[in-house]
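Common to both upcoming complexes is subunit A, partnered first by subunit B, then by subunit C.
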Partner chain A sequence: MTDPAASAFSTPDALKRLKRRRAADVRFRLYGMGAIFLALGALVLLAMSIGAQAVSAATYHVVRYDITLDPAVITPPGEETPEEIARNVDGFWELLRDNLLATFPEANKDRAARMEVSEFVTRLAVLPTAKRVASQPQLLGNAITLKAPLNDDLDLYLKGQAFAERRVGTGAISGVLPQDDGSAQIEGQGAFAPIKTAMMTLEADGINLSEASVLLTSGSSTGRLHDIQSDSASIELLTGTLEAFQGSSATARIIALPEAQRVISDQQIAWTLALKDMDRISRVPRWSLLTNSDSTYPELAGGLAALVGSLFTMLVTALVAIPIGILAAVYLEEFAPKNRLTDFIEVNINNLAAVPSIVFGLLGAAVYINFLGMPRSAPLVGGLVLALMTFPVVIIAARAALKAVPPSVRSGALAIGASQMQTVFHHVVPLAAPGIFTGAILGMARALGETAPLLLIGMVAFVGDVPTSPTDESTVMPVLIYTWSNNAERAWEPMTSAMIVILLAVLLLMNGLVVFLRRKYERRW
Partner chain B sequence: MLQQLGHLPMGWLLIALIAVFASVAFFTGRVRAERILLSGATELHSRPNYHGYFVTMWAVIPAILVALAYAIGAESVSRGQLTSELPPAFELLSAPELQTYLDSVAHAARSRDYAGTDLVFTAVTNRYLEILGGLNIAALVLMALGAVGGLFLARKRLAASFRARSLVERGMEGVLFFCAVVAIATTVGIVVSLLYESIQFFSVVPIWDFLFGTRWNAQTEAEFGALPLFFGTFMIALIAMCVAAPIGLFSAIYLSEYAGPKVRAWIKPILEILAGIPTVVYGFFALLVVAPAVRSLAIWINETLINVGLASEPLLAAQPTSALAAGLVMGIMVIPFVSSLSDDVINAVPQTLRDGAYALGATKSETVRNVVVPAALPGIIAALLLAVSRAIGETMIVVMAAGKSARISMDPTSDLTTITVQIVSLMTGETGFDDPKTLSAFALGLVLFAVTLLFNVIALRVVQKYREKYD
Partner chain C sequence: MDTDHRPQTDGAVVAPDADAPPAAPPRIDCRDIRVFYGATQAIHNVSMSFPDRAVTALIGPSGCGKSTFLRCLNRMNDTIENCRVEGQILMDGQDINDHSIDAVLLRSRVGMVFQKPNPFPKSIYDNIAYGPRIHGLASGREDLDAIVEKSLRRAGLWEEVKDRLQAPGTSLSGGQQQRLCIARAIAVRPEVILMDEPCSALDPVATARIEELIDELRKRYCIVIVTHSMQQAARVSQRTAFFHLGNLIEMGETEQIFTNPREKRTEDYITGRYG
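Presenting the complex of A and B:
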């Protein structure tokens, strides 16, 4: 008949419970997957947001200047030695500014306009040219072409990251009627209807256009529009000529952000667009990120000094932490008698590996700088602080690698008469070497990304020169990232991201090396 | 003359000299041993190389001692000597001013670029260089004497029956032991330097005022009540653990119980990338993405509450940097600390326990919840404790994204400050080591060290106890 056991499990009640339990099972599994997706999602979000910013910093805009190296400006009487030429940044910069003033005659009209032109290129941007001319005096008096980075805010504008801008094409403009007050009336059948429509859409989206600028560009001429009707508008010329608009269809730019709230003016935008139209602005890879040192101007700043500082710091760390770590591991694993002292050492090492890094910074500040009087901000001190932080990591990895070498190797060596020291250093350590070195590289990778302890020993100072020795004032890559992220100007954001990408690339390389070494040399006993 | 010697690049010189002495000593010893071998019919006890190492040991150890003494003492000795020789007018300077003056003298002496500065400064710098030059030459002579003396003493002992290898090995073991002791020395260094500066601090500010005071204004008004910092640290760590504990635990459970070997082989290393990203990158991420998002969310909540009529004024502070932003990002950072260790302990739970549960008719999730997780609980708790200790000691994320105002506020969208943030801002200023401001950073460091140590010790104990159970 009916099986009593089966019936107990197949009552409607039991079946319902089973269903609930299975649903709970599925839910539990989904929680697990959800957790992993959240973690991976965070990683992807981090990579994407920083990567996107970094991509924009990978290139920048430079302006071409065809200038004549006028000796009267570059080598004024009494300043003719190469050192004085190399220091005459102002002279070279004047040449560039005068070149811009010649291109845009309207900029000569008043002081304010000249100031606006001056902002196109920072003085320090001509330093490489000054140095070149100083070393090649025969260039004096000749015409040269040089490219200098565009002001960072205009660079951001050209990349479309400065503020929102709506671009619309107009219809054909049939007439330009100059007025008495310097402006002009431009006309065209339905020519400005697209602008009106675009503005209406923007306003419908809740954007306040009461103080918006509408710029109309044709060729290298740009003007600001007022009283926009479908068929006519009043234009206030910013650069170029009114004739350029005659019979052409122009591009209008609607910028909702009021001019007073922007770092760049309509006039500067007009000049930038004109330079671009003249093919004098080009977008090039920003190698200066790797070849320049830090600067207060984002368009000139680079990470070379920090890269070299990191290199020196890592050198000191490696020279101290790796030998001490390996030898300590060898002692603890192969020689140490089991007693209180060695137990205490072991507990110590495990704890040191988990001490917050900032505590090591306090130690460095108190002992190295205050007590021993070592120089602040030096890679030597930074390296020593990071070494104290890294060597427990090296010890732990090296011990694991030594432990993995089978005892038969040791017995074999001892059996043929090797001393314990010979056994260890001729047989065990070479066999454990791949494991030891992968551990060491991982420890170094951690030290390379470390910031907090270095802040405490003064490596946060602004360093404009590439350090030449471990005792020079210097900074390191993570600290540079921190410093740059503190800067207020918008242009630093992509620069910081680009620096992060460089740092992550180095770390990835080190980790890749570890994976490679493991694949190639790891032995399973 | 002495002044010129003051410019010697002593660091490189000492290292190069040690290298030279080492190689000379090695070859002396080795050649001597080979001579013995060639001259007589007897066999050597140790191979010639060991004789070489033995002589090297004797030559290099005195040289290294001299170099270390120079590295540690030269600067302070020369400064002390210089201070005692300064004209009486300098007594008007306070200690920090004198320190700054000496720093600039040392800097000018290093860079050689002080011609044309005022006469007194030039004279003082010249005298400093003379003293330094004297010390330099003394160090070099002492080093050479020590090395050569050691070399000859050792060389005299070489003989056919001389047990060079045993002695070298004993010396080597000493070196190994010394390296292991560096670990103790570091811990002692941490404890002593933190305690020393903290005791100085507590002689100015009573310890109870520090631990339980509620007003912290170290930068401006010398108010050192650290309770708001402890609160901020606790709050942010709590937010971080609210993110990391569920995500880390469920990831670990999924990876060890559900995922196939292929998925596991991919996901596990990717999760561990999260632990390898430098914290300054997380800080930038918090500043760039998370903090603005938290702020707009808070503003939206405020507006909605007001619109619905539940509140008459903004409920949340919605500040540009907030405890919530820092905590969320820190949570992401510590996920792998939770998941990795939990994964290990879950894997260590014997399969028989699971099989037993399945045999009773439990579903997979019931097995995990009622058998596996309880069995792995001590390890999981240890993982959580280690993660908390990480979160408390983490610096860059909070420095960049948590703000600087010391207050006790339950609103996660207001900016809070933490122990580590205050340490950084106190130590990056231009204050001397006798200022209570700087000293308070060490007192905070001591608290941080003690708390994280406590967490780590408990966690390690728990793990050890647990391991013994199944082995």
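Presenting the complex of A and C:
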């Protein structure tokens, strides 16, 4: 302890304390990093689970049809006006179905087969074509090419999301011997050994193959295999020709799920594979998600009506909540005397912002619909309900922004003789504007994602038409997501995810707008 | 009567003001001013008057009420919740606290410059033009341009900013900002200019510049300045008032206050014994 400076810095007591303080520092940093890591992890998980589903729904399979617009079918006597043509969905649909029946002659054999082929395309899928032909009657009698969405279950099958399927290649098939019962015996030295091996592996994994289907495909021809031996098997032709298998190496598909438990039959799979082989099926971006309205058929459904409904709702909300909120905030912050009454109002505005949104829905149903007699399910009512919910948020944000404006700005303006209103609107509000608009847009973003209050005012109804005014029946995006997620068919699941991604994109757009506004107008003083 | 054809830095000469206030000292006469913040009395029965075309300095330790008193003169205390002003403040024989006087009009006659430069976050031009615009002092664009130029010249800022009038006022240096605020106050043609420690946020060079400016402005306006710097009070003012604990202790010619104070407390303060 000869050096007094060193001793002052290194007493054992001080060192011990320093160590504890450092440890606390490091601990806090670790907690912080842990929290951020958790949050990021949750975000990535969400993005992955929704994103993966949404990506699958972003594309879908369409089937190409080369048809002749037979006037006898499209314009039966007495139904020749454009309106009647547009309404003659059945006629157009028959043309598509007949096209498929011509492609697959075996589908004509009985009613059940015709039904199965009918399921390839839904009637409503031809509506755009019907409208096009109605507006261009010169197309009548001509050959046209059109693409219609494939049935959603077959679409999922092609995307590999329907059920588990094991694909194996066979060896060369040397002989095809037709039998009396319509089936055939196919042979090849060890040709079917890979199938047997694959089936044994599957069974070893505990998969029950007692009712499994084994489909053998070569080119456009597909058949169902029975009695599979290493060198031979019996094939029951589903579509195409037996000759296709002669001398070829075919692909076998082992589907463990019994046909009776599937929504699509072996026959439909065979036809789908054949259409694919004929290059009539292509996978295209599903723009219909943005251009179509809701439908009971997932392959036709889209979010346009909900998007427009959301837009109208937000318009009403913005027009009501933002001016009222901002003006109320300006009054409370800049003009109102500070007394018990204004304190009470302030507390209650804060409380209002914390009220569960469904309560606003009940209020809206009781006041707007029952008492004021406004239309049910309309964006007008939805927007007003959401405005009730949003404006306390706007008030709180705007007041915070106004409070942040330095008092020197107010004094400066007052001191040169500006009236209080001039001071507020010429100097204070412009400075607070970025903060006010941030609050307003974040409040709107919250309203955009709101579902509960809208359910109560009937915006949950199925809406097939795009609303044209705020008083039309309508739904909004989050409610559409809710509706779709309740649907039974498997195909709705990726559709729901895709809709969620669209909603998130709109929200991101709004948040981007906030950042842009801040960057552009934020001034330092 | 307005004879100060002041030579400008660029050699130009500004025509005399037709609207310059007539000399009629005292400009402001205060009688028995009492100010309360809620139940607390901040100013006790202060009576004093401010001569025209002279600088009166208010000095005193922190919290002695000199700023509060200054803010009575343009009724800026109105904007403070719970603040109550009693007594008479006469300007042209009228009580400015009278209900018939609008604070907005009063403030156009009694300008104010604050401790911290507070230009509006607008362009230099708009900072000056704002006051004339709201008071309707300019009849057109050219008129407004002339007011802006004249105000900036009087504040000694014209040469420095004439090429960048559209630049934001906040882009100027602290001293320039304070001169901009002075120009802004001048632009609405006040008769009285109140300055609340206008140099406390500035460096010595900028301070000297402002002090020169105050000395120039004295020829046209009645100036009341609150300052913590006794040197500054001695340099710029003709009259000085010493406040302590809300009381006016002593008021007189600046020279007399600093060389020969009558009150013991004044002497203690200016010799640095407390404060």
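We adopt the following convention: the second predicted complex is superposed on the first by the 480 of 525 C-alpha atoms of A that agree within 3 Å, B and C clash if a C-alpha of one lies under 4 Å from a C-alpha of the other, contacts with A are read in each partner's own complex, and residues count from 1 in each chain.
Basically, a contact is a pair of C-beta atoms (placed from the backbone, for glycine too) under 8 Å apart; a residue touches a chain by one contact, two chains touch by 3 or more.
What you see is a predicted model; the values in this text were computed from it and never measured.
Engineer: Touch test for A:411: subunit B only (first), subunit C only (second), both, or neither?
Structural biologist: A:411 sits against subunit C, while subunit B stays out of touch.
Engineer: Using the touch definition from the top, say if A:32 reaches subunit B (first), subunit C (second), both or neither.
Structural biologist: After superposition on chain A, A:32 lies in contact with subunit B alone.
Engineer: With the two structures laid over each other on chain A, which partner does A:291 touch: subunit B (first), subunit C (second), both, or neither?
Structural biologist: Once the two structures are laid over each other on A, A:291 reaches no partner at all.
Engineer: Specify the partner with more touching residues on subunit A, choosing between subunit B and subunit C.
Structural biologist: Result: the larger residue contact count on subunit A belongs to B.
Engineer: Let me test your reading of the model: by the given contact rule, A:431 touches which partner, first (subunit B), second (subunit C), both or neither?
Structural biologist: The answer is second: A:431 touches subunit C but not subunit B.
Engineer: Please indicate which partner A:419 is in contact with in the superposed arrangement: first for subunit B, second for subunit C, both, or neither.
Structural biologist: In the superposition, A:419 touches subunit B and subunit C alike.
Engineer: Which partner does A:344 reach: the first (subunit B), the second (subunit C), both, or neither?
Structural biologist: first
Engineer: Which partner does A:43 reach: the first (subunit B), the second (subunit C), both, or neither?
Structural biologist: After superposing on A, A:43 lies in contact with subunit B but is clear of subunit C.
Engineer: Quick check on my understanding: which residues of subunit A belong to both its subunit B contact set and its subunit C contact set?
Structural biologist: On subunit A, the overlap between the subunit B and subunit C contacts is residues 419.
Engineer: What part of subunit B is in contact with subunit A in the complex they form?
Structural biologist: 11, 71-72, 75-76, 79, 165, 169, 172-173, 175-177, 179-184, 186-187, 189-190, 193-194, 196-197, 246-251, 253-255, 257-258, 267, 270-271, 273-274, 276-285, 287-289, 332, 335, 339, 363-366, 368-369, 386, 389-390, 392-396, 399-400, 420, 423-424, 427-428, 433, 441-442, 445, 448-449, 452-453, 456-457, 460
Engineer: Considering only the defined contacts, which subunit A positions touch subunit B in the complex?
Structural biologist: By the definition above, subunit A touches subunit B via 21-22, 24-25, 27-29, 31-36, 38-40, 42-43, 45-46, 49-50, 53, 323-325, 327-328, 330-332, 335-336, 342, 344-345, 347-352, 354-363, 365-367, 370-374, 388, 391-392, 395, 419-421, 445-446, 448-452, 455-456, 458, 460, 471, 478-479, 481-482, 485, 493, 496-497, 500, 503-504, 507, 511.
Engineer: Touching residues of subunit C toward subunit A in the complex: what are they?
Structural biologist: 74, 76, 79, 81, 104-108, 111-112, 114, 116, 118-121, 130-131, 134-135, 170, 181, 184-185, 187-188
Engineer: Show me the residue ranges of subunit A that touch subunit C in the complex, using the header's touch definition.
Structural biologist: So the residues of subunit A in touch with subunit C come to 337-338, 406, 408-419, 422, 426-427, 430-431, 523-525.
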